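Alright, structures below, take your time with them.
In the two complexes that follow, subunit A is the common piece, with subunit B as its partner first and subunit C second.
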Partner chain A sequence: MEWAMQVDKQIRTETGAEPETGAETGPRGPGCSLRHFACEQNLLSRPDGSASFLQGDTSVLAGVYGPAEVKVSKEIFNKATLEVLLRPKIGLPGVAEKSREWLIRNTCEAVVLGALHPRTSITVVLQVISDAGSLLACCLNAACMALVDAGVPMRALFCGVTCALDADGNLVLDPTAKQEKEARAVLTFALDSVEQKLLMSTTKGLYSNAELQQCLAAAQATSQHIFRFYRESLQRRYSKT
Partner chain B sequence: MAEAATLAAESLAGGKARAARTVLGQVVLPGEELLLPEQEDAEGPGGAGGRPLRLSPGVRSRVRVVCGPGLRRCGDRLLVTKCGRLRHKEPSGGGGGVYWVDSQQKRYVPVKGDHVIGIVTAKSGDIFKVDVGGSEPASLSYLAFEGATKRNRPNVQVGDLIYGQFVVANKDMEPEMVCIDSCGRANGMGVIGQDGLLFKVTLGLIRKLLAPDCEIIQEVGKLYPLEIVFGMNGRIWVKAKTIQQTLILANILEACEHMTTDQRKQIFARLADT
Partner chain C sequence: MKETPLSNCERRFLLRAIEEKKRLDGRQTYDYRTIKISFGTDYGCCIVELGKTRVLGQVSCELVSPKLNRATEGILFFNLELSQMAAPAFEPGRQSDLLVKLNRLLERCLRNSKCIDTESLCVVAGEKVWQIRVDLHLLNHDGNIIDAASIAAIVALCHFRRPDVSVQGDEVTLYTPEERDPVPLSIHHMPICVSFAFFQQGTYLLVDPNEREERVMDGLLVIAMNKHREICTIQSSGGIMLLKDQVLRCSKIAGVKVAEITELIQRALENDQKVRKEGGKFGFAESIANQRITAFKMEKAPIDTSNVAEKAEEIIAEAEPPSEVVSNPVLWTPGTAQIGEGIENSWGDLEDSEKEEEEEGGSDEAIILDSIKMDTGVEISNIGSQDAPIVLSDSEEEEMIILEPDKNLKKIRMQTSIAKQEKVPSKKPMKKRKKKRAVN
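Moving on to the complex of A and B:
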């Protein structure tokens, strides 16, 4: 608990120096633990909702179709069928993509109010534009913004945060591809906006129980900044109308 | 605006519910909880300190509040499920009125009583299947036209445009359309004539154009003589004297969404000159 507060303070001092007002602000600042964030919604004309999300050099484009017609074989009589498709930058989706798709799908399922649109399909298509670390977290953020843009009813927002632990046990938030490679363990969490509760977690590498708690506390503190960024981004979108 | 943003972010972070009255017209996000006016003094910000004395503190006045699109009841509060601006309509009688979220979405979800433009996709026996842009096609009986009888079938072909109204629209059932009102009169509904142009816009723009005090429609009407049909499902059909005028009108209406009043006035003035 003590550690959690410490992390919180550390992030605040690093990121909350001054609120930025530029067109592409993000939770960043001098010596910030998070990379530069940017988000744009409603940039594709054909899907019902779309968003592109940038975290440093990692970029993902998301499109949402729904509530749309569903194949009879996939129809669920009391809720919407949720599908997530993750397209890699080059080549065909493989086992790694399928695994990520499943993680994202389960996260979306937890927040989308599918019971309001039974016998329909909600499809999220994610296209990786460039991968420079923390890809799954970026995919989760892009999926959330696209779902909000499409007007799919949700009980809360969600965000993805990746933490990396290096050999000395130092914690790096939103790691780059190089940091991820050198890390002893990489942990990705999905958190909801209402109670900052854990929706999904996936980990790779060796870590202790205490380190897991540290990372989770850090992710929870960071999620506040990401949700604040979401709000600013959506307010900009609605300021035009 | 900046102040509002930080305030809002704080409340989102703190998980505290805000009073619905204070956020009217502001952007609300899914997951936020809103307090209704009658709860404000009991639980709202700063309520505990300077609360006025009430004659009957035990009895809380029950106010009837209607939850519109984008809101759900969550205990005694309102839970936001869509992103958009919070709106409120004062009740004509007593009660708390209607709250809803005005969002910019593209996908239409059928609502009973809405007037929409559909495209006939199939004829099967005595019903037509009409694509209205929802999750499944609506059904339209051949008897639901003015003057139609079993002998006298309406002349409707696959591919025709239909302007009609939903009589059945709920989440579990296939939506059903009709092209007559309760008195059996067409009242403007039915098959839309030849020519003209059909295009799609966001649902928010349609609501803006159909608002009772919308200036855009009046200004467009002064420009050229035209025929126009708005469907609540985001479809607009427009026809003017020439194809060129039709295209100009379609482009103006599409562009109206992100224009300020001044920008719009300028464009209309320039078009009126030519």
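Moving on to the complex of A and C:
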């Protein structure tokens, strides 16, 4: 218990006034805050649904096609074939992109009601516009908003949250690229909107059992904010003004 | 996904409209769609919107050794990607004819026109030069990719800053942006492509065709020009025969358009530079229009994580303690080991079972052989012990042996079959083994 109190104090007293890149000048306050968020839906004319999601300087553009015609070789007789493509900004997609694609695909698979559209394809194309930390979380958020824009039936919404643990064990939410680099561990979670249950988690670095639970609890708290952001942005979108 | 074909009536409608000097989006013949240029937070990153066509450009650099025949020149590399996001018909990882054509045209427009001073990219002659890589991603395809891509490429190149380097003796020092301000590339001129679509064998001409117009056009003429009215590239495709006057007229129009676009690019670059200098907000977040109802922004949000530690403590307290594990490794077979109480290693198992199967198979056949022996009384001592029984059980003649009542005949047949076996023993067992694998 004593140890827990210590950690608690650390989180409270933390003040991370780190120099930011680009537009994010000035101190960001305590590590437990999100960068500014922005989202624009339906900005591309060709895909069925599209969204661009910005978290601070990190920006991802997503386009969704579907439910659409599927190649016979990829056809699944009782559900939709879900495909996720992640395009890096520089060069050709490599192993890192493939692994991220797979993580995003599995997350989408968990929430998309593919059984309603058997023998069709749902394709999510993600394009990295700029990477300034928490890229996977931003990709997940962009994918979700694009799926919503395309009107693909889903069991729940999902969001991505990245937590970083720095050398002193302080928790940093939505880390920048610099914070991610300096961190001891970086954990990314995907959570659903109904019960804030975990859909996907991927971690890098060393952390203890307690720290994992802390990060998860923090991610759950953060997800509430993100889902509120989703709701407000959709409310605005379907409003008359 | 396949492209939705254009129906005949749509085609006729479009052509008819063009004949009447009307365009579906309300533009005049020589009008460009609105061009919007926005910059990212990194240097050399921009998005160019030409109507609904969108291209993302990003320039990056790297120190490499130069080409052998060009020891003092930097390397320029262009790569246009047609992402599936742009149109469903674009397949990932496939070099379509269109892509090759566009990439080649871009190279001709930007590299071969020598708009970038490649000599200034040399650090140490013959050893280290800068390689400038221009990545262009088509995000949305609504016609006239080449114009949008060429604008994006030149804007990104103008916006790009490479890290400063210094050479002292043999040592090359690379400075981070904090140490020394990055330096821009030296650009001589800005070539920009202007596309002209021709309809009805060159009777009608349109500037900046959109996707629909591109589908019904007969031919395309692309002129790359800079603001000094110097033609950098000219390409006619689609197999139309153009008159000299038409080409000249096009080049005149191109001159006007290029001047307009160049001015726009310069204004956009100046704007961005001013904002960066003044320390204002820049990046794509600023280029999202606030008044659009499809866009929404949220300022930095503090998250209350004060109870996180307690929550984590609770979960850990509630969770069952992890089961005891055996810490000393268990050796199952030589070369394999197991730690803890998991499932038994199946690797060792597999090999064992295979062996068993083989043995079983062998013994079965031996039994058959035995029964034959008893029936016929033929000596089979001269046969290889392993190979023979396998063949015997397979051959059709063996069945006949069992059915045949006459003993003499049997003997003869048996001998012939044995003679055969002696000839082929090396091949048959192999086949047998293959069959086994297939069954497994």
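Definition applied: the second predicted complex is superposed on the first by the 207 of 241 C-alpha atoms of A that agree within 3 Å, B and C clash if a C-alpha of one lies under 4 Å from a C-alpha of the other, contacts with A are read in each partner's own complex, and residues count from 1 in each chain.
Just so it is clear, contacts are C-beta pairs under 8 Å (C-beta built on N, C-alpha and C of every residue); 3 or more make two chains touch, one makes a residue touch a chain.
The structure displayed is predicted, hence computed values, not measured ones.
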More subunit A residues in contact [subunit B versus subunit C]: C
Touching partner for A:G151 - first (subunit B), second (subunit C), both, neither: first
Which of subunit B and subunit C A:L173 touches, first, second, both or neither: second
Touched partner set for A:H117, first subunit B, second subunit C, both or neither: first
Contacts of A:S59 with subunit B and subunit C, given as first, second, both or neither: second
Subunit B versus subunit C as contact partner of A:L103, first or second or both or neither: neither
Touched partner set for A:V125, first subunit B, second subunit C, both or neither: second
Partner chain(s) touched by A:A210 [first = subunit B, second = subunit C, both, neither]: second
Contacts of A:G49 with subunit B and subunit C, given as first, second, both or neither: first
First, second, both or neither for A:A221, with subunit B first and subunit C second: second
Touching both subunit B and subunit C, residues of subunit A: 21, 42, 68-69, 121, 232, 237, 239, 241
For the subunit C and subunit A complex, residues of the former touching the latter: 1-2, 40-42, 45, 47, 52, 54, 56, 58, 60, 81, 83-88, 92, 133, 135, 137, 139-142, 279, 281-286, 288, 292-313, 315-316
Footprint of subunit A on subunit B - complex, ascending: 1-2, 5-6, 8-9, 12-13, 15, 27, 29-31, 70, 72, 79, 81-85, 103-107, 109, 134-136, 171-172, 204, 257-258
Residue ranges of subunit A touching subunit C (in the complex, touch as defined): 1, 4-5, 7-8, 11-12, 21-23, 25, 28-30, 32-47, 50, 52, 54, 57, 59, 61, 63, 65, 68-69, 85, 87, 89-91, 121, 123, 125, 127, 129-130, 132, 171, 173, 209-211, 213-214, 216-218, 221-222, 225, 229, 232-233, 236-237, 239, 241
Subunit A residues touching subunit B - in the complex, by the definition given at the top: 19, 21, 42, 48-49, 66-70, 111, 113, 116-121, 148-151, 153-157, 192-195, 224, 227-228, 230-232, 234-235, 237-241
